[in-house]
Every structure is written in structure tokens, then in C-alpha cells.
Amino acid sequence: MKKNDLSSFAELDFERDRRCGFAEFVYGAGKTPEQIAAIMAELAAHGKPVLATRVAPEAAEFVLKKLPEAVHDELARSIMIPARKKVRRPGKVAVICAGTSDLPVAREAVNTLTVCGAENFLIPDCGVAGLHRLLSKLERLRKADIIIAVAGMEGALPSVTAGLVECPVIAVPTSVGYGASLNGITALLAMLNSCASGVTVVNIDNGFGAACAAVRMLSLRSGKSVR
Amino acid sequence: MKKNDLSSFAELDFERDRRCGFAEFVYGAGKTPEQIAAIMAELAAHGKPVLATRVAPEAAEFVLKKLPEAVHDELARSIMIPARKKVRRPGKVAVICAGTSDLPVAREAVNTLTVCGAENFLIPDCGVAGLHRLLSKLERLRKADIIIAVAGMEGALPSVTAGLVECPVIAVPTSVGYGASLNGITALLAMLNSCASGVTVVNIDNGFGAACAAVRMLSLRSGKSVR
Amino acid sequence: MKKNDLSSFAELDFERDRRCGFAEFVYGAGKTPEQIAAIMAELAAHGKPVLATRVAPEAAEFVLKKLPEAVHDELARSIMIPARKKVRRPGKVAVICAGTSDLPVAREAVNTLTVCGAENFLIPDCGVAGLHRLLSKLERLRKADIIIAVAGMEGALPSVTAGLVECPVIAVPTSVGYGASLNGITALLAMLNSCASGVTVVNIDNGFGAACAAVRMLSLRSGKSVR
Amino acid sequence: MKKNDLSSFAELDFERDRRCGFAEFVYGAGKTPEQIAAIMAELAAHGKPVLATRVAPEAAEFVLKKLPEAVHDELARSIMIPARKKVRRPGKVAVICAGTSDLPVAREAVNTLTVCGAENFLIPDCGVAGLHRLLSKLERLRKADIIIAVAGMEGALPSVTAGLVECPVIAVPTSVGYGASLNGITALLAMLNSCASGVTVVNIDNGFGAACAAVRMLSLRSGKSVR
Amino acid sequence: MKKNDLSSFAELDFERDRRCGFAEFVYGAGKTPEQIAAIMAELAAHGKPVLATRVAPEAAEFVLKKLPEAVHDELARSIMIPARKKVRRPGKVAVICAGTSDLPVAREAVNTLTVCGAENFLIPDCGVAGLHRLLSKLERLRKADIIIAVAGMEGALPSVTAGLVECPVIAVPTSVGYGASLNGITALLAMLNSCASGVTVVNIDNGFGAACAAVRMLSLRSGKSVR
Amino acid sequence: MKKNDLSSFAELDFERDRRCGFAEFVYGAGKTPEQIAAIMAELAAHGKPVLATRVAPEAAEFVLKKLPEAVHDELARSIMIPARKKVRRPGKVAVICAGTSDLPVAREAVNTLTVCGAENFLIPDCGVAGLHRLLSKLERLRKADIIIAVAGMEGALPSVTAGLVECPVIAVPTSVGYGASLNGITALLAMLNSCASGVTVVNIDNGFGAACAAVRMLSLRSGKSVR
Amino acid sequence: MKKNDLSSFAELDFERDRRCGFAEFVYGAGKTPEQIAAIMAELAAHGKPVLATRVAPEAAEFVLKKLPEAVHDELARSIMIPARKKVRRPGKVAVICAGTSDLPVAREAVNTLTVCGAENFLIPDCGVAGLHRLLSKLERLRKADIIIAVAGMEGALPSVTAGLVECPVIAVPTSVGYGASLNGITALLAMLNSCASGVTVVNIDNGFGAACAAVRMLSLRSGKSVR
Amino acid sequence: MKKNDLSSFAELDFERDRRCGFAEFVYGAGKTPEQIAAIMAELAAHGKPVLATRVAPEAAEFVLKKLPEAVHDELARSIMIPARKKVRRPGKVAVICAGTSDLPVAREAVNTLTVCGAENFLIPDCGVAGLHRLLSKLERLRKADIIIAVAGMEGALPSVTAGLVECPVIAVPTSVGYGASLNGITALLAMLNSCASGVTVVNIDNGFGAACAAVRMLSLRSGKSVR
């Protein structure tokens, strides 16, 4: 039937990993459960590591029935099918988040890194209202190659962190907060105006994008000009 | 002449100090030099402490010629005439600011506090990109009754400060920054979303308003219910 | 199990009361019912006064079952467990609100003050459209050490109030209104631009934050420099 | 020459007074001095009352040289040529403004009313920070048929006024203020959300439009259905 | 019980009709069904005409059960109890709207006018995309004392109308539209910038407020200065 | 010298006319006078028709000295060098504008059409506040193949026009207006929400872009599928 | 009954096809199912081609029961009744979209074109992240008379496309994305700022409007000046 | 004198290079010429590489007189004093920009990279309106370790680039454009919503910040975990 015919709604990009360093992944929002499952199956059939993000609970139920090998992280709304051939990238990524409510976004980053074969660790609830929580982890953070800093509300965590470390800090604003947090716009704006130089920023709640950026950066570990 | 006749453009509120704890002050923007000078002279004639804020350089020149006893702070764009009878309020206010570019706003706060008879001290350039600068002043800050924290860009200074002290923290966003700082809107929004509880906020660049709020708070030092 | 393991999602700050004058409280939005209950139980086990704000009805039901000693204010969406050792702070806080629809926010402030041991009283429905309602309470308001003024729509209540009293006025904009009220942004902006000097502002619907600010201010009653 | 040929840039609407109750007036901003003078001359030649608003100082100089019978209000940036045949409308309009800085807008309203033959009086500096100033004029205001209330900053004046009177209240937000006043957007939004029912609003700094609205309303005094 | 005790959540303003020309009405949004019913009953008991706007369907069901004499307009979400003593104001108000989707707002205006005793008539679906619809009603519109023009999307109806008539035109933007209509902000902004002079504007979807403004204007029909 | 070396700041696209139907033109804002002159000279040397838009007066003076064959439209801030080989496109474009202040934008469209060899005519000052002005030109407008409708303030002109004609209507919002016109954002939003179907919109003040769109549309006159 | 009486809520415009080139269509949002069905029936009875857009699923169910000849496109939320007399317009329109999630909007355009008798074809999922997908279709696209380019997120598809073709490109931003996509505002703004000259834009998610614009443009194919 | 005393306005952070990998640099905006010169002199005296960005022309003149060894890039508004001890970092950074008007921002990035000892090259004017310009440089770009992509208007350049390469792409929005470009907000939003995964973004016109981020990333080339 035409509606289930992949070519009527999608044209998959099987060369993306060769061009960009990671495969095409599935953005689950705005797609029907049938579309998500069909795309995931096709990518898996081509031996790609498979990740679908922002999958609504009802859609997840449908997908998991269709693809029993898939793994579901409910909190992060991610579904994954590990690639048969594991990739292992050099380097280590720290994912830190300001509060408990920021965890779903932090875990989307963790899931993406894991699917891409990038080593990572997660430190939750180290926001700047109790500065000792961040400072006590500083030694561990300085061992990371990249830090992904996730925060909502006033989004101060990346600024404070970047003032203390040398490695890249990728800031992820979250929609956590209310009123004048404007669904994450405030944290986004704050991070773009960080007084600590060299912080870069991704879209609100975009743990996925931060992880992809980290994977791009890890390509520097292998020394491109050598290739 | 009618244009110089005070009643044609202003109705002074000589009872404000009795009602609100501080006299009527002059907001210089949007007023002609003649209007500013006339209002200041009238307030001084009634024995009030006089402060005009946001006085443009050309207006200041005119006013200083008319009122030779006035004192001018060019950086803060304030003009003051000290009251003949000095008031001395209990308590001490710390004014801190994140960067050199925030100094004009911080000094507007200092000037207002001084005119109101509130003891105060100023610590410049202690933004969170170099956290040691703030932490090294912590003991001094903990001795203040109130902290006015002035910052532009991402405006993280009040959050970090309020997580470390017990006293009221009044956050003043400044228009320092560019692009997505949106002339101070970003710092304002960030401060309103502080993850440190109990921070209150005033308008952008409003060192004056922060100082007035501090003066209101100092009234608690005298123990109102006793009165 | 890891998901119920507190350290996997939270790192509690048991020293906050010593540093900031009030304990860590629980922001209920964006947390699962299990997380809320676990954090509240841990805080209570440490003898802290416990307050969870913004708890959705379904989450509240779960929490109340787990923590039978907890008290629920449905209108304000707060859950409280009073501390075993009562604190009693000097001073009195008035909470006033413009209309009936602003009551939930006003009561969040009242609940927070009560948990913190701050004496308080509430005056509902005294908005400026019928000025006599506010003016008739003026004598009572002048006896308060601090006024928390809660209003939606055009948010004029704090301006009018602050012009009549000497004590600190903390303005709380609410999301009450429609269309160009922009979910409280209008009231927020109006309050930040108050023509009455010395009004400070907290985030939209943030009765909790206003109360915390009041508690910080009450620390002035005990005369910090004496310590 | 074509550039001075009126038909190359304007098509005057000589029937507007018959249709709308007032003649076409000249919006000076964005027009060259030559265009302003040519349009004013043409309208005067047709016996219309002539008003140009928002005329920049340099443009005004040019116009006044060309049209020596014109009268200039520098503060309001208006230029007027009274009609030869005076119209006298029934009713009286009060124009009130919150602060000295709002005067230019209030006077644009006064000038427009005067050119239209509507009786009016002006009360400056009666903002709500000192409520006694408004309350002491209440009896006088209650004698007006219409009140035009001009205010910047938080724009609370129309709300408070409309709660006290029965007649129409036309709210004019001004761009007076700074930072979060957003060049008058805050006052505009506040006035649109007035808790006092039946306030209507015009554009920021639009004293002219408020006066035109008042003139439309005065048409009710003559009892339309009788016509 | 306290929750049903009117004084715990409301302080009714029984003098509003004497001061403002119309009684206090009930804004239904953000109030519980019990609160709405209690306030309506109290107003009715004092012989006031009663109108509740923005009453959600479930709340309406509760209220109608408690107050069987009440009348419900489902489309407009209004509930009314006619006053025992009918008022009859001089003058006639036309309510026009651009499209079928704007009808609920137009009918809120009609209901308010009717409760206030103001004669009115409604012309639906006369938007400017088919100009002949408006032009064919022009003669009828010119007999009205006031026109309330309701429109969403680009909100051009009041501009076109006001260019054709002499009476006051009150513009009501609606939230009808999508995308860049920004829930009515676009129509609101457009109406505030009307090129037809003397249009005044109320909040988005505020048919109620437009009607109250019309009632204020109708007071001019009786000739205030005569009183 | 490197700064005057074209390749250090520009890479001209000499194939654009072959690909897109019109040559590369020069956006003058943000370029130095030297850069503008160098690019124009190079394009002219390649036999292209040359148009520079948004050229500031001082830059224009420099360019005209360097390129004596160039023609300057001061009002529109355009500089043109006609191509040696004239192109003549089939079809005719009407450019209409609401008010005198919109003329510069309308003339930028006229200039662009003329440089591209598209026949056009201009009707100024036919805004909807005096509807007869537009209606009296209707017959002439219905003979055009395309209408470019330029308007500021509430931007209603394209809606009203498109409801009366069959041809494409390209709406150009202008920054004419003040306060809530938000420098043309209001007109832009209004045009995007036109209740008349099939209106398309370009950026604020973008007479140039509207003309380019018209040129693209005129390609339909020659019947593409025939080629 | 009055509520089902068409004239109480709508005044149909049966001359629109004669004036504008296409019939009146039904905007389904904000109308009751009964209103939609009644209007569609009336249009069909007059022999018009009938299209209702934005019909919610429950409303669609009602309409389809009332009008069994109607055809439903669930994904696009459109309901159509083909006209008895088929129109066939000259020319061909390509509809392209960036991702699978943009399909509903693209299909609204396709449905509208089909109802209007305009030949069209659809190319899904050719966004710029994998540029080869667009480039491989270039030959096919160059044969179209008009291209409708539909995209969410950063909305770059129309810019890239318009740089490669000569025909008109109508850009349709979609609300696909999250966080800083601001429900399509970002794509809308980006398209309005296209660096490729001559792109025109319609409202967010407005596939319908883009198709109507295309139909207007197709009128050029028949050579208007000949008529 | 106190005003020239560095400690009265700044507290320099001489350990920043040790902590963050690059020294403290001077943000010139909002500082007086005297402050800029004093800070630069102090940093140079400590053997740091010195860079001041956003230095206004008049301030630059003053600084260059005081510090004759300084080098000035007028277009980028940067002033530099090379460090005596040259650092040479591994890796190469490409800076590309969409148009000639984006050059100042691209050169701020180049200057910062050069001061930090990072090898770099610049490709101007390769925006997506003429795609061949970017595609022809692809081989060269694929040899870079990091790409900084600078663009104004719709900001599509980073999306298209990132879809073609594996290395990190840092997007820099510029304020180039007009009207709906909103001074760079549009490009900023577009870049945050890039459909190409793993793009990170810095503030508008922030060539400096992008370069600092690149320097952080280059630290990966040396293999952190080895240290």
C-alpha cells in the first residue's frame, strides 16, 4: 500500500555516516508510528546503528511490537537498535545536568553518544545554587575530553563550568522552568551570552544534537590531517 | 513664563519620604534641562536630599551651571545635592558587579544609597567566568545586610551569590552585551529564573531602583512592629 | 532499583538552611511522583521542614499515600511536612492579591512562609479597579514588615501599594488574564517598570520565590552586623 | 517639476471630514519637508483645518518659512493652521498624564482636539506613585465627557482612573521608560489588560489618535439617531 | 465552610455601577465553579444584572444547576441573569465580525450590551476579502451610534470601516488564525496601527471589554455636562 | 592592494541570469563604498545590467564619482547602470502603495523592474483609510499581470486588493509607522495572515525582492513547458 | 432553527471565482461541524468545487456522514468535493518538502491545486542536510512552472532551490521542529530573509495559501493582456 | 588617580590560560578608551597575548597612541599585541562566510585564532544562493579540522556545510540583513534549528567566541586522556 511505501514519505541517506561521521537517525516527532517503524527497520536492514528520538509513548508501543530487538528509554523517549558491528571512538564525554528535571534531556545525549560508540558518563543535579556540588566533581570533569552541560531556568551551569576547564563545553538549554523561562528561551539566550569564552550552544532540549556535535569533535582525536 | 512654571509640567510629592522612606528623586531622561534644574532646585529648597539620574551630558552641563552646589558622577550620569540634615540608616549594603562595563549601573546604586544615608561598599569585576574572584570575597559579602548584584550578558552572578549567602540579594540586569543579549532582556530573564531561591529583580540598568529597594529593606533593621 | 535510587537523579543540599536561611525545597514540576516522594522522605528524615510546590494532582495522590503525615493544599498545589522543631522568625508578612483568580499563587506564598516559620496574613481581592478596597486596608498593611503583592492582568497593584508604604514590596506577577496578558509577561513587565521606586519582582506565578525573598529580608530584623 | 507635483506622491482626501467627522491630517514622519509643506498648503487652500504631527525640527523650520500663518508646538512636534471657519463641538475632554516626560504626547492630543474644535483641559504629573495627586482632581475629572489618560512605564494610570469614573477612558501608552519598558510596549500591554472594564487603547505615543477617537465619541453628544 | 465563604476569596464591589455606569461582572476563567456560582448568587441577591464570561462548559453545568434562572450562551461561553429592574440606555450599537470563526467573541459583546440595557444588532461574516459584503451594509452601519468591529487574521476590518463612518469604532482582535497570527497578537498590532484615525482597541477576544467601552460612550448621549 | 582586490571580499556569480532569470545585483548595506563601486564596475564590464540597492548617501557620492554612467534615485537609495543590450519581458506589473511615506520602497521595486526590462506603472497613496482611492483605480489594476502592493502601519492594502483581482498580489510591508508597528513587523505579520487567499509576502521594505519575484512570475508568460 | 440557518453565521461569496480565479473555500478551524457541513453543502449546491481545510478528526467524521460524496485526506486534514465541471489550467506546479514531518502541509497544497484543476507533482524528503537528494531532482524541477517549497526547522530549502531555478518559488514554513523553532516562526523568518532573490512566503503551515498563490500565477500562462 | 587605577574597575584573571587554554581578552564595548588601554598594557606586561575586540574607532585611536606595538584591524574593530612567546597549536581551522557584508565578523574569528596560535584560512562570499561557490571549495574544506561558518540573513550556510563534512561546524550568525532579519536573531534561530545534526552556535556577530570554541576543540588534537 502506498502509505506504507517508504518512498512515498522518505528518502533515506545511507551515506551520511561516510560524509558526516554518524548515520541518519530518526526524529520521531511529527511522524506516524508506522513511518517511524518502517524507517528504523530499513536502517537496521542496512546495518546502521539505529536511534529514534522524541518518540511519543503510544508510538513507542507500536514500534517496540514491530521491532522486538529495539531498546526503549522511557524517560528520554528514545528507542535504539545497537549496530551489529560496534564502533569505538577515542575520547570520553561528560554529560552534566543542573537538576533532576533536566535528566530526560541529559539521557537523550547519553543514548546518542552510546549509539555512536562514544564513551561517556553522567553527573546529575549539580546546578549552581549549591556550588559545592559542581566543585567537588571538578577533578573528574577535567579528565573528560568534552563536557555537555544541560540546564534549564537561568542556564548558568555552562558558564560556571567553562570558566573552570579547558575542553569544549557544549551547552544544552532545557525547557525546565515556568513563566519567564519561556519554555527554555531564557536558558538558551543566557547560554549564548556566556561570559565564559568558547561555549557553544544547541537548540532547547536538544540532547541529541549536543551528542552529535561531540561526536564531530571526537574526530579531532584521530588527527584529521594525518588521514 | 509658563514653560518655566513648575506647575505646568510637574507636581512635586513632598510627602514621599514620610510615606515611603525616601524623598522624590528626579528621573532625568525625557525631561528638558530646564525642567530638571527647576525640579532639583525646588526639592533642595524644601530641604530634601536631591538626586537626578540618567542626566545626559548636555543636560548635566546646564544643571551644574544653575546649581553650583550639585555634584556630578559622569560615569553613572547622576547629579546629587546632599541634604543639609544627614540621615544615617542602620545596616550596610554591598554592591557587586560582574564586569567593568557594568560599573555605571553599579555606581548609580551606590550614589542612590549614599544620598539616602545608607552605608555601602562596591566590589567590581567579580563575574562567574573566573569564580575565584567571587569566592575570595565571600567572607566580606557575608557581613553585608543586603547584596545588590549587577550583571549583564547571561546574568549568572546573582544566582551563584544567592546560593552562598543568607541575606537578600537584589539582582540588577544590565544592557551590557550584544546580539542575543537583547539589550539586557536576557540577563533580566535569567535573573527572574534564578535557581537560587529568593532572588528579586529590578528593571534593566536600574541601579537606582535596586538601591531604593535596599533602603526599604533597611527599614526592617529598626524593627517596624516596635514602632 | 536504580530508578528509585536517589543518587541516580538527585544530590540533596542539606546545608542550604545553614548557608541561605531556609532548607532545600522540592520543585514538583518535571519530576515523577516517585522522585518527589523519595526526595521529600529523605529531607524529612534529616529533620528538615519539607515543602513541594507545583505538584500535579495525580502526583499529589501518589505522594500523600507514601507520606501520610504530609498536608496538601489543592488550590496552591503545595504539599508540606512541618518540621519537628518549629522555627519562629521575627516580623510579619502581608500577602495581598488583586483578584480571586490570583489566590493559588498567593497561597503558595503563604504556605512557604508558614513552612519557614514566618508570621503572615492574607488579603484577597483588593485590585485597583475598586481602589477603596485597598485604601480601606492601608492601616493594617502599614503594620506589616514586608508586603507581597500578587496580581495578573496589568499588574498595577504593587505600584499603587508601594506608593503608600515604607516597607519592602515584593511584586508577584501571575498568569491570570488572556490575549495580550501573554501568560503573565505583561504583568511581569509592568511590575519591573513600576513608577513607585523600590519595588522588586520575582518570576510569574512564583509565590514560592517571593516568600523565600521575604524570609531573606526578615534576617535583617535580627540585625546581622550584631552577629 | 515632478518631485514637487503633489499628485506624484499624494492623493488628498477632501471628503474625509464629511465621512469621518474630521479632515485629513498630515503624518510628518517619513515625509520630506517639501512634501509636508505642499500637503499642508493644499489642505489650507481648501479651507480645511490643518495639523501636521511628528514634524522633525529641521522639517518644521522649512515648513514655517513656507507657511508663515502656521503655529508650531516644539515640545509636541506639531504644526497647525487654524481653519478660517471655527467649528465648536459639544462636550469637554480631559487630558491627564502620569509624568513630566509624558507631556509631549499629552500635548499632541491637546493640539489635535483644539484643531478639531473640541474643548479640553490638561492635568500633568498625576501618576499613581503618589495617588493623592489623582484623587485630589477627581471632582474635576468627573465633569469631563471623556478622559484621555497618557502614561509610560507600567501604564497604570488608566486602570485606576477608569475604576473611579463613568465616562470613556482612552489610554495612551508612551515610550517613556527604559529597559523592560520596551519603548512603550509594556505600557501598551498593561493598558490592554486593564482590570477596570471598558478602557480602550491606541498606539504608543499616539496622542493624535486618542484625540481623533475622542472627536468620534463627541458625535454621540449630538444624538445621531435624531439625524 | 471557609472555602465556600465568599469573603475568603472575593470582596464584591456593589458601588461599581454608581461609579462606572455598569455593575461588577464575573470573569469566569481561573475561578472554581463554586466561586462563580457564589459570586453570581450574591450579585443577583443585591439586584444587580449578572453576567459571567469565559465560563468553561463543566463550570457552566454546575452554575446552571445552582442558578436555574440563569441563561447560557454556549458559543460565547457567557451566563446571564437579567436584572429585575430593566435599564434602557439611549443609543444603538452595531457589532460586526469578519468571519464565522469570530462569532463567539462578537456574541460576548452582544451579551454584555444586552445585560447593560444597550440596544444592539449583529452583522456576521463581512470581512474585507469580499468587500461588497461590508459596503452593502454601509447605510445600516451609518445609523449606529457606535460600531464594535471584531476580526482575527490580519484584522483589517476596523480600518476599512472607520474610513467610511463618523462614529466611534472599537476594534476587537480575535485569536482566529494560525501560525503568524500569533493567537491574535497580529490582529491586535494591526488594529493599533490602523491608518484610519480614531480607532481604539481592546484586548484579544475581549468582546466583553468592547461592550463596556461602548456603554461608557453611550453616557455621552445623555449629555454629561447637563447633570 | 589586497583590500581593493575583488577576490578578497567577493566572488561574483556571472551565471545567475542564466540560472535564475536575472543577474546578480548589489546589496549596498554593510559594504564599503569601495566594495560597492568595484563590484558594480566588474558586473558592468561583463555586460550585465547593474543595480545597487540600499546605498547610503555618502557611499552613493563615492560610487557616482567612480562610475559616471550610473544613475541615482535618491529617494529609493538605488544606483543603476542600464545594460547595453536591452531585455524586454512580456507582461506588465503594477506597483501600488498605501501612503506617501511608502514611496521609497515602491520606487525600489520600480527601479528593479526597470533594470530587468519589465514594464511597470506606479500608483501612490491609495491606502484603505479612503477606500474610494483604490476602487477608482480598479479597472486599471485589473489590466496588470502582477500587482506589488506596498504598505506600512496595519498593512491592509494587499488583502483588500487581492479580494478584487485574479492576478498574483505580492505584498511588501514597510517600516512606516511607530510604536506598535514594530518597524514593519506588524505590517509583515498582517500580510502573512491575509484573509484574501493567495497573497505572498516578502521581507520588510524589500521592494527589490518583490520585483525579483515578479520577474520570476513573468517567466510564465513565455510558457515554460514549451521551451 | 436559527443556529443551523446559514445566514446567521455566514454570507457566502459566490462571485469569488469570477473575481479572484478560485472559489471560496472553507477554513475548518474554529467552526462547528454543523457550520462546516452546511457551508460545504451550499457551495456544492451552487456547482462550486469544494475544499475544507484544517478539519479536526471529529468534525471530519460528522461532515463525511452528511456529505457522502466528499473525499477525506486524513494526513492533511482536508475534505474535498470535486466540482462537476472540471477546470483544467495550463502549467504544472512542483511541491517539494524537506522532511517526512512536513508532508501534511505539502499535501494540503497538493489537494488545493487538484481541486483548482492545476497539474502538480510532489517530491518528499529532499531537505538540504543531504544536498544530493535535491540536486538529483533538479532537471525535473526545472520543468515545473512554479515550485512550492515546504520546510520547517531552519527553512533553508527555498533559498537553495531558488538559487538553482528561474521559475517562481513559493516558500511555506512549517511548524515542524521544537524549542527555538518557535512553532515555525524561525522557518518563516528565515524564508523572508532568503539570500536567493525573488522568493515569496506565505503563513506557517499554509499549504493552502501557497497553492492559491500558484493558481493566481498560472493566470499569467493564459496571457492576461490578451483578454 | 583613582579612575585610572586598574583595581577600581577591573580584576584581571592571569590564570585563565592555565585553566581554560587561552588568556583573558578585552571586550572593548562599554569600556572607556583609558580602561581598554590600561587593561591591555597590564596583560602585555604579564607576557600574555593581547586581543581587544569591538573597539570603536575613536577608542582605537587612543589605544594605538598609548600602545604603539599594537596592530589594528579596522574592518573587524580588533586590536592585537602578539605574545612574545609564540604558541603553535596542532590543527587547522577554516573560516567561511556567506557574503561580503559578513567579513568583519569572519575576520574577528581569524584575528582571535591567530592570537591564540591556531592555523587558519578564510574563504569569503560562498553563500548558498550560488551553491557552486561552496561546492567548488569542498575538497579544501574537508581538510580542515574545524569549520567556522559565518552568515547573516537566513543563515543557511552552516546547515548545508555540515551535511557535507565530518568535522565540527561552529555557526556564527551575523546581524547582516534588514527587516525580518531582526538584527541577526533570524540567522541565530535558523542555525539553532539546523537540519544537519551536530551544528553548534554562538552569539550574533560573535566571531571571537567561535574562535575560542575552536581553540577548546583543538585541545582534543593533543589527546587529553594522555596527559
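Order of writing sets the labels: A, B, C, D, E, F, G and H. Residues in every chain begin at 1.
We adopt the following convention: a contact is a pair of C-beta atoms (placed from the backbone, for glycine too) under 8 Å apart; a residue touches a chain by one contact, two chains touch by 3 or more.
None of these values were measured; they are calculated from a predicted model.
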Task: Maximum centroid distance from subunit B, chain identifier (CA atoms) - done: G
Open item on the list: From the mean C-alpha coordinate of subunit D to that of subunit H, what's the distance rounded to whole Å?
Closed with: 50
- [ ] Mind checking the centre-to-centre distance between subunit D and subunit E? Centres are C-alpha means, answer in whole Å.
- [x] 26
TODO: List the centre-to-centre spacing of subunit E and subunit F in whole Å, with centres computed as mean CA coordinates.
DONE: 43
Task: Of all residues in subunit B, the ones touching two or more other chains - done: 99, 129-130, 162-164, 179-181, 185, 188, 192-193, 196-197, 203
Open item on the list: Under the stated touch criterion, can you name all the chain pairs that qualify?
Closed with: A-B, A-C, A-G, A-H, B-C, B-D, B-H, C-D, C-E, D-E, D-F, E-F, E-G, F-G, F-H, G-H
TODO: Sort out for me which residues of subunit D touch subunit F in the complex.
DONE: 8-11, 13, 15-16, 24, 27, 29-31, 35, 39, 54, 173, 175, 183-185, 188, 203-206
Task: Residue ranges of subunit C in contact with subunit B within the complex - done: 19-22, 25, 90-92, 143-146, 162-170, 188, 192-193, 196-203, 208-210, 212-213, 215-221, 223-225
Task: Footprint of subunit F on subunit H - complex, ascending - done: 99-101, 103, 124-126, 129-130, 132-133, 176, 178-181
- [ ] Going by the contact rule at the top, pick out the subunit E residues touching subunit F in the complex.
- [x] 98-99, 127-131, 153-156, 159-160, 162-164, 177, 179-182, 185-187, 189-197
